[in-house]
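The same chain A turns up in both complexes below, where it pairs with chain B and then with chain C.
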Partner chain A sequence: MVSGSTDLPGAGSSMESAPAVDLRNITKRFGAVTACDQIDLALTRGRIHGILGENGAGKSTLMKILIGLVLPDEGSITIDGEATQIHSPLAAAELGIGMVHQHFSLVDPLTVWENVALGDAGRLDPNAIRNRIGNIADQYGLRIEPDARVGDLTAGLRQRVEIIKCLRRDPSIVIFDEPTSVLTPEESVQLFASLRQVVADEGRAVVLVSHKLDEVLHATDDITIMRQGKVVDRLLAADADAPTLARGMVGRDVSLRSERAALGVLAVDDPPVDHVLAQPDGTPVLEILGATAHAPDGRAVLNNFSLKLHAGEIVGIAGVEGNGQRELGDLLSSLISLDAGSVVVDGHKITPGRSGAMARAGVGVIPEDRHDSGIVLDMSLAENLILVDQSAVAPKGFIDHGALEAHANAMIEQFDIQCSGPHAPMWSLSGGNQQRVVLARELSQQPKVLVAAQPTRGLDVGAIEYMSDRLRAAADDGVAVLLISSELEEILDMSHRIVVMHAGRLVGEMPRADVDLERLGLMMGGATV
Partner chain B sequence: MSAGTAHRQNSRLREWIFFYILSIIAALVLSAILVEATGGDWRPVMNALLDGSLRRPGRWGETLGTAAPMLLVALGTIISSKAGLINIGQEGQLFVGAAFATYFGFLLGGPGPLNVVLILIFGAVGGAAWAGVAALLKFWRNVPEVLSTLLLVTVGGQLVAYGLSQPWLLLAPLADRGNRNQVSTQLADDNRLPRPEIFGNEVPSAVFIAIALAAVVSVLLARTTWGFRLRMLGRNPRAAQRSGVGQTRYGAAALLLSGAFAGVAGAAMLAGGGFAFGNYQLVPGFSANIGWTGLLVALVAREKALVAIPVAFVFASLRTGSSFVGATGVEGRITDVIQGFLVLALLVPPAVMFLRERQRARAAATERV
Partner chain C sequence: MGGFFQAFWDIASSNSTYLNGALFAAFLAFAATGEWVAERAGTLNISVEGMLLAGAFTSAVGYNITESMILALFCGVLGGLIIAGVQAEMSHRLTADQFVVGLTLNILVLGLAGFLDNEIQPATKLASSFDVPLLSDLPLIGQALFGQRWPFYVLYPLIPFTWWLVYRTRWGLELRSVGENPQSADVSGIDVNKRRRQSIYYAGFTSGLGGWFLIFGQIGLFEDSVIGGRGFIAIAAVIFGGWTLRGTLAGCIIFAGALSFRLSVQGLGYEVNSELLQSLPFIVTLLGMAIFAHRVRAPAALAQPFVRGLK
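Right after this comes the complex of A and B.
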């Protein structure tokens, strides 16, 4: 099945050859929502097929159908000319379909080869597996040490392990789901180079699922654009340009800066005019000095990290995920204490890890995972708006329910929160509206510092624009904004100043106007340049 | 509120009632089968239960007196569970509380009515101290409170038993105890909680204290910032930590308060007297499983202080009623099994409803995606 059709097509001739996968009329409904609405999709051997769409466009559901995690309500699947049904991931694997998932499923304490062998039945032959890893590494330029512990590897190398796990089974169809979200720009370039090789040398069909325009434009041959469960456009990458793709993806012309950033269009050479900030005055509002903290296993998650933040500026923390950004957010949420170092907010030294100390000192936080420390799902919307400070609605220790409701209604209106009312349980709100509740609460405290960690993750383009505007407005009002994001585009779009984190350390810092993308990428990989 | 919401709430209420009736009938049928299977006749057994708990003269007063400490224990349990802490050592906290009340009641020996108040206060202190050991272990050394509170029940029982064997602690002087071992001196008449007579029943005044405290706890949890913060801690400790609700401070307070309620229950049993709780004196086994039953009351009332009032009454009825069952010739322990059935009957509907609500929420969530 793998190399049954050996017609390695040159670009352009592929359109005539028989498709490796032919999806017809695929429809999948969840309740009243149609996640996939009569989708046709043909994958051709030897070509990379980009599937582009916003969050919730139906890309993931379609891919889950292809690897047997979701059964379609209607439609047919034809693999290499044979009509078939894919009932389980196992069946998909037998048909030669493999997927590199966005979230890794690796076991940290095990070595690379052990991870690759996981799930194998029968007797284990370590040397055979090591050899196989070596072969794949040579063949695709995916160099890796088979005896390295996975927990010690960078995100880019871990992804390499995932790819090797997938390629080892010699799949004829390979799906990559948002593969660059954990990679530095340089690692992304490497990934796409090996992707191209997988395709050209072996005649495999490759799918690249992404919400980033640039990536799809540069790394693929064919492009399918999805929006609200439908295919809105099919085109050759050679004929496409960014504005066309953006229009297809969002459904209207895209001109706003933040939207472009959300679509993954880098605009390095045109720093926004309003981002040239007058030199901030001397006294920082937030000062982190030599912050050092260790994980339970002894690894330094924050390593002598120092940062100054001034009123009115937006400072972006760039870096690959898992390099201390989460701990930085936790530190400013009073969730962890430090082994060394100090935090000064507005001239006052704040004890790290003392409950509520940061919030009382004026540090607002939009946390990376709002369910973790941002909201209480089992409380009402109104209650979630007063988590930090109840004094406005409970002057004498007794909660005035009239005032609570009035406060909630005001916030609902001001921040346009979609809900059934102030007493709606928090879990009944959609993710975007939960995020607005967090934003409303934190901004209404009139913070001096606002930490926004991955503030737009999982939001659609409209919501991203709203969030970005709110953060900019906060900075204009004199709030010092700390933007922590793994999306470089977002950092570049919003920040006045960019600092790069790697392995818990600050490896570099530059004003937005002086950004050199190559240097930034190297720093994200840990190089001090 | 829209017509749709009102309609939904009505149908939900009907579902609740339907499930409760269904499961209680099932429990009663199972109980009847059990009685028949062990050679009894279910009709006299049911009659005996009703006679013993309500119908015979003086019995409902007795039932109320039994319900009072159960309710007090349940209130404490509700406070700690709201804070996300699982205190299951009320039996021990109650016993230690009663021991404190006994010791200091005699040590201080002030004027009667004032001493009654002091006895209740020292009961609370004793219960809180015993729960405090668990709190200390939890917040200093991270020992799970569910284990420490449970194990401290045994330790507490042994400690009080030792106290009851020592004249310088709790043991009554020889003149007061005759040839009995391990009993404390009886509380003087003016050191007892009054038992006013209402409609021909002696009603221990601890009932009024317990009901008043239920109202206080209900308001405390629902309407004060302290209760709000406690609920926040229980539902999301990390959000609470960030918002200034430290687990150590608020969690320890909840655990101490929870123990204090169990201790007051013990003191109320001591000073309240009544058929069920002996003779105004401390004896081994004094706690009489009230701590465990109070836990069940809180569980069945699903952390609602006001709901705990009728639930405590139901459990107390089973207890006072079961003392009459022996006369029917049926094995007395059968009533324990019947009680078990009834607890399950009261616990199953919330579980079923929880699953249904979650299913609905999921359906609603996928529709929104």
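Right after this comes the complex of A and C.
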């Protein structure tokens, strides 16, 4: 089991065999940030080891060290009793370490067998690879068509390819990095079933990296909890319960409802008490009618999608990532135009895709990727706050620096932004504070509609709590909030009404109180129930 | 209008139109084949112009010294590879901007070739013709495709070889993956920048051949203006062809047709403003791009540098 740790409960009979992997004292710094701080980790054959931690706890960095993508600054790696160094993914593969990546390591335009062949050496023999894929498929129940183009596959099937690609080299150590983030609940269950088989077979050591308590609790044998680059606890899954894990992960007792929802502790089929909204008044503030848009390859990313949003309500868009949620956000950010359909904001028809039109009509957006489209990292906090609308500080086209600073100071106070001042460069702020800047900017426009796309992604628990409160407060003030999130718990916790998207279509809609999880899961998988 | 159609018919039925068209197309194809490989791996290699000129010049010098066209071929390839080396090492080892490097190289090679041409004044001549029996007797295209000087025929094995290399070998699979998704390729254990450098060397190789072909298979003497921007037309052919080898070759043929048409118009004695005619191939290229460029999908990581460890 987890040798080298002093506080291990229930260390059993397998202590005498050398661990498959023994990491000692692993430290990795990126500039001033210590991503991994003197980490010890031991993996045992025949067992699934869960590594639990919030975003940014250092889990991914640790795994990248093990797979040869990142070199540690300090520490030693011992594989099957032999000290070694892992300089590249190829070296890791030779040591028998394979990884199923969180963001797939697949190349879309290539076929399944071509992807599986990537990274091998020697002559390219398509038939041998097709046969190998067939064998693995039979052995683990991972059926796949070897000549299908990977870009055409669903997320679940793509992950299947990823797993086959990993297993093809017959690794003795397999790492799964956040494997369920792109799967429907049903697909996740299937995944964990094949995971068990991977372990049972030939005594592989498996690592499951996750930020979801539930998953780690039910699918693993040993658990290591990480926080801020350090290992804070090691325990056996059999001895663990959700509150203990949550406390280890966050560093204090977790009591608030949204925190528990964010961590997946909450039993999601119990609806929040305060979430029954009085029947909204008749006229919707946002009305999307039959929106249809196509990707350059001809695939419909939005397919006859219609939605009405009323003042004061929070509507959650549930669905597996990549089913049109991003495009819906893009539509309401004026980033894409429609092939058919229309968007009406507050009674006015808005031309989709005309730069800034949605924002002028009163649609505020907290974008999915704040670094990509939410903020400009190299500009100051004050400048970022006026990116959408400069009229308040630059009435004649010249920026009034006094007004700019006053505006920034007001926002810093109102939204409690931790920073060195209004001229602090954006990159010097933490993720949670960057998100507050985005929120401050959008709310100061006094929007009628607020689109929050993955608003808590990558934030720590305290920041999640703040964001959730602010969104609720906005709704209470009469803003119509559209919440797009891949975390089902977040949607269930926040929304008055839930809409399910699949393949760009609206496949189901229900008030929060009527949610039936099984039905919701089926809908996310594309079934019309 | 009748006159126009008569002229068009005269040109379309003239053997020399096809003969010249094939020569122009072959020259473009030498360059575009390698350029296609480089672009599939993710480099929009604008120094192909410089590679062609360097290849033409070094092969001319090589012949001047050795009086052997075979040895001149190797010199031409070497010239192309030298420029490829600078482009590859600068843009995919030192991560300098590939366009700045390419632009600089093109200007540098043009200046150097002009200077050294004056200094050395290499003497060259055309290679001998070779008629493929039977095939060269075909009407219109027989002489164009099978009655050329022998350097022309080097293109014939080069094209299927390149196709095989890109679609049927592990190296080709890896270079395609590098052009589409370098992060995934890296994670899979492929040295992304190495593959990209190698693909640029391949472009240098075929462009060197192209320069050699131009001197010994088409014009017989070197001047610093022999390429005249046609490297860029080769790049346009790759884009026009939607980053497939078949489409790229079709692009070469269409653009070469425009070049040849221009010559034939004057050769057959029709009077058209010659400056306007000069621009015809480029107008056709622009039109072709305008019509086709948005319908095709480029390699997803085209012209994006890859640095490990960055997200």
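Here, the second predicted complex is superposed on the first by the 499 of 529 C-alpha atoms of A that agree within 3 Å, B and C clash if a C-alpha of one lies under 4 Å from a C-alpha of the other, contacts with A are read in each partner's own complex, and residues count from 1 in each chain.
Keep this in mind: a residue touches a chain if its C-beta (ideal position, glycine included) is under 8 Å from a C-beta of that chain, and two chains touch if they have at least 3 such contacts.
This one's a predicted model, so the numbers in the text were calculated from it and none came from an experiment.
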First, second, both or neither for A:Asp378, with chain B first and chain C second: first
First, second, both or neither for A:Val70, with chain B first and chain C second: second
First, second, both or neither for A:Leu106, with chain B first and chain C second: second
First (chain B), second (chain C), both or neither touched by A:Val438: neither
Dominant toucher of chain A (residue count), chain B or chain C: B
Contacts of A:Arg360 with chain B and chain C, given as first, second, both or neither: first
Partner chain(s) touched by A:Ala293 [first = chain B, second = chain C, both, neither]: neither
Partner chain(s) touched by A:Glu114 [first = chain B, second = chain C, both, neither]: second
Complex interface listing, chain A residues touching chain B: 30-33, 35, 56, 333-335, 354-360, 365, 372-379, 383, 386-388, 390, 394, 397-399, 401, 420, 427-428, 430
Complex contacts: residues of chain C adjacent to chain A: 168-170, 173-174, 176-177, 180-181, 183-190, 297, 300, 309
Residues of chain A defined as touching chain C within the complex: 69-70, 88-90, 93, 99, 101, 103-110, 114, 117-124, 165, 296-297
Residue ranges of chain B in contact with chain A within the complex: 5, 223-226, 228-229, 231-232, 235-236, 238-247, 249, 361, 363-364, 366-369
